[in-house]
Amino acid sequence: MKKRLLSILLCAALTGILVAGCGAKKNDDTNKEDKTTETKEITVMVPDWAVPSDDMLADFTEDTGIEVVMNVVGWDDIRDKVAIAASGGAAAADVIEVDWSWVGEMNSAGWLEEIEMSDEDKADMPTLETFTIDGKVLAVPYANDYRIAYYNKEHFKAAGIEKAPETWDEVYDALKKIKEAGIVEYPYTMPMNADESATTSMMWMAFSRSGQVFNEDGTLNEEAVVDALEFEKKLVDEGYTDPAIKTASGMDCYRKITAGEASFMVGPTKFVGLSNNKEECSVVGQIEAILLPGKEGTSDKTMPLPEAVGVTKFSKNKEAAKEFVKWYTSADTQKDLFKANSSIPTRNEVLAELIEDGTIENAGAMLDEAKLIKSPFPQGIPAYYSEMSNAIYNNINKMVLGEVSAQEAFDAMNKKVTELTSE
Amino acid sequence: MVHMKKRSEGALGIALLLPIITIMVILVYYPIIKTFSYSMQKMKLTAPQDTGFVGWANYRSVLTSDSFWYSFQNTMFLLAVVVVLTTVFGVCVALMLNVDTKLSGVLMAAAVLPWALPPVVNGIIWRFIFHPGYGFMNKLLIVFGVTDKPIEWMSSRFLLLFVVALVVAWRSIPFSAIVCLSGLRAIPQELYEAAKIDGAGRWTVFRYITAPLVRPFVGIGITAASISAVNIFDEIVALSGYSDLGKNLLIESYLTTFSFLDFGKGSALTYIIMLISAVLGFFYLRSLGKEVEY
Amino acid sequence: MNTKRGKLLYTVVVIVFLIFTVGPFVWAFFVSITPEFEMFKNTMNMFPTEPTWTNYVTLFTDSARQSKILFQGMANSLKAVGLTLLIGIPVALMSAYSLSRFQFRGKRVIKNAILITMVIPVFATVIPLYRIFVAYELLDKMFWLSLVYASSFLPMSIWLMSNYFTTIPVEIEEAARVDGCGRIRTFFAIILPVAYPVVISSALIMFLSAWNQFQIPLILASSFQTKPVSIVTSEFMVKDSIQYGITAAAGLIAIVPPAAAALIFRKYLVSGMTRGSTK
């Protein structure tokens, strides 16, 4: 009896699945119909934080007659998908996310379509330089990110320092005083784990201290890089950083400042907003964004790490895709995008407006710093960037773990970079 | 007549296999042959003009790199630790589940839980537990006075690999335990009763009845664990990213293929991993094929 | 086990087992109610000082985007699992029946060729698979995604089922055949009613394995309508950081269906694998 009951249950379950299955198929069919009736439809593949609101998209469709299908994909995974698709001569989507670090390889691989930009646009968007190779604009930045310094005013005050630090020497002295006064145990934080953020951190360190990272031929500048590495190592060895950050993910270590456990860091622009948000930050009101320190006085440049959208070569709707990119990076959309996702505008004009009207609070040196954006790559982002970065971050990590000296770490990464540049 | 019948029988047998053969040929065998052909080509996506057949060059370049052998060692270390942990604890869990109490239903369900966890969430949970700062494990160890400073789990090669192996074992124990439990349940009660009548002690019963009859099932568990140990990916990425320190062959292959966009060399690496798995798979097939006589 | 010592041992083992299996889930729950700024704080507090339910509130608020994508992801996963079972179970039954009851040339080779595919890593097939999917416009189609799932779980099911079938005495079948039943009818009338435990256990294994598939749907399904929950949980990120709290909360919600299935059908998980012991 029990068995029979079970058989019935099993049959019922199977029928249920059958119904669910058919339902699913029906859905597919209706989708298909939609596709055939619509003439202009484009797909856009971006990470979660770049998705415009439904209202914004509806407005765009109304104005242009172009339907937009959003493919929201994890940031890392976008690159994999684009690569697999492109290797088969297909487009993963018509419009894709292009991170600053991908633009070199995507250009060499021939995956991106050139985009026309007016000179005014170019002048107002300093990060556009990063996405321009051989005079061709390959993607248009929509979210700004550049390195800016943060310090905890209360910690500095408690150690008897009233003035915001302007040079790295002043930073070092402040860290020393804060640690000695026992205000926090580890006053400095910086990504040094073996991941991408350690590479960029070394780069802004060298960039702000020595004004350059690379030589004209794309190899590492020994003086600048060794100096940066030695300074990083000093901060670690003398105990100004939490030992945990050597192996915690780069992003986790930025949180030290919002947790009130670190007093100074150089980090993403986004922390301007985060340090003002009660849910994200336990020391609201204490953190101020200031200009990046340099050797003598504040640094006259900072490194951009923007994200852009580009049109794929294999797209079948290039014109519609370009129209989307134009709309998506327009001044008005940037304002809306800040409201929807707090992505920081790439147009300085819009950024200034948002800061002035108080939409961006606690901005500190944000706008001044934005005007100092410069790409550290003399010839644009190289095609071998990810392989180079892999060599750089692994050697930085070895260095902070105490396995090699700064010079040895440099020699190892330099060997790889030289090999890559000569290929 | 008999002959005829046999032939039509065979035809029906093959006809029943047509769906699976079609699925396997199109979705498994065709792709792996294709991947093999990629592995024989120069196929670096950032150099789209420079492609072509290069024979075994990709394999040679992989096998002569230090990086490959470093990853190979890591893979082997992980394999050994995962297999030992999974087998020992899998058997223990199976023995525990085999005891019939009021609790056994709930315990059974609990045992299966790790199996269903999405890999990303699994990674995050363990990242929190083994966080090098004040992660759960460090808090525990400090509370119990084992250490007074947080342990940096990810800063030395073998400690890191051991943590990875622990996490993977946690995820593979359910399958191993269930296979093993099936083996235990399959032993006919009469055998135990007969042994009791013969006056055999508990140890003798285990030694001469339980152990040999369960062994093939444990074999299946071991091989399944080894295959998943060779294919560890998400756990390493969650715990130590793509760092050199903890990378195994699969990470190496992922980096080569998707980060450095070298599809040719990446495919060669994947093939080497597949061959290693296939050797393990051979033992798998052997243990699957073994008939148990009760 | 009736001795006192045995009982004590059993209790200890059960407690240790529960700590290790359920412990991480409990910990995930604590993570899910910890505010982001407290996440990696250097404190000895085991529990968040200011627990917050915002993550759960967000996930259960119909209008929230995170809620929409999570539950759409769950629905997608259920559909994919349903279709996988719908394809997988009949194919597995046919194949297993053939492999356990029929004699023909090449049977051994076919059987081994099917079983050995269990060792093939996803990376070895995924690039060509994607190309096939592009060429025939199959991307983001639930049915084809499920077919790929099925192809990776079928070997295990076929193996389980054919083992089970071999334990069913051939004599019963022969008796039915003498009565004039055809092979196919015999299968439905005799074999299937006896073999239901293995069908359930195979289905359960397929369910559990399909539920946490990650690499395959990552490449083959990226639209809102097809993306499974395992992918969705990985995408709760803002630029520069994973949102740990909401990811943990979503992950805990996501294991409810497979956990429920495991709880309901747990009995068959073992009996299905045990050849003939439920005769």
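So that you can tell them apart, the chains are marked A, B and C in the order they are listed, and the count of residues begins at 1 in each.
Assume a residue touches a chain if its C-beta (ideal position, glycine included) is under 8 Å from a C-beta of that chain, and two chains touch if they have at least 3 such contacts.
Just so we're clear, the structure is a prediction, and the values are computed from it rather than from any experiment.
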Subject >> Most extensive contact between chains (C-beta pair count) >> reply: B-C
Subject >> Most distant chain from chain C, judged by the mean position of its C-alpha atoms >> reply: A
Original post:
So how far apart, in whole Å, are chain B and chain C when each is placed at the average of its C-alpha atoms?
Top reply: 16
Original post:
Where the CA atoms of chain A average out and where those of chain C average out, how many Å apart are those spots?
Top reply: 35
Original post:
Where in chain B do residues touch two or more other chains at once?
Top reply: 131, 133-134, 263
Subject >> Touching two or more other chains - residue numbers and ranges from chain A >> reply: 80, 87, 242, 244, 248, 252
Original post:
Among the residues of chain C, which are close enough to touch at least two other chains?
Top reply: 40-42, 126-127, 131, 234, 242
**OP:** Note which residues of chain B are touching chain A in the complex, please.
**Re:** 43, 45-48, 127, 131-134, 149-150, 152-155, 240-245, 255, 258-261, 263
**OP:** Flag every residue of chain B that touches chain C in the complex, lowest number first.
**Re:** 6, 9-14, 16-17, 19-21, 23-24, 26-28, 30-32, 34-35, 38, 92-93, 96, 99, 101, 103, 105, 107-121, 124-126, 128-129, 131, 133-134, 136, 139, 142-143, 170, 178-179, 181-183, 185-186, 188, 227, 230-231, 234, 250, 253-254, 257, 263, 266-267, 270-271, 273-274, 277-278, 280-281, 284-285, 288
Original post:
Can you name the residues of chain C that touch chain A in the complex?
Top reply: 35-42, 52, 54, 69, 78-79, 82-83, 85-86, 89, 126-127, 130-131, 134-135, 141-143, 193, 196, 199-200, 218-219, 222-225, 231, 234-242
Original post:
Which residues, counting only chain A, touch chain B once they are in their complex?
Top reply: 79-80, 83, 86-87, 105, 108-110, 193-195, 242-244, 246-249, 252, 383-384, 386-387, 390, 393-394, 397-398, 401
Original post:
For the complex, which residues does chain C have touching chain B?
Top reply: 1, 10, 13-14, 17-18, 20-22, 24-25, 27-28, 31, 40-44, 46, 91-92, 94-95, 97-99, 101-105, 107, 110, 112-121, 123-129, 131-132, 147-148, 150-151, 154, 158-159, 183, 208-209, 211-212, 214, 229-230, 233-234, 242, 244, 247-248, 250-252, 254-255, 258-259, 262-263, 266-267, 269-271, 273-277
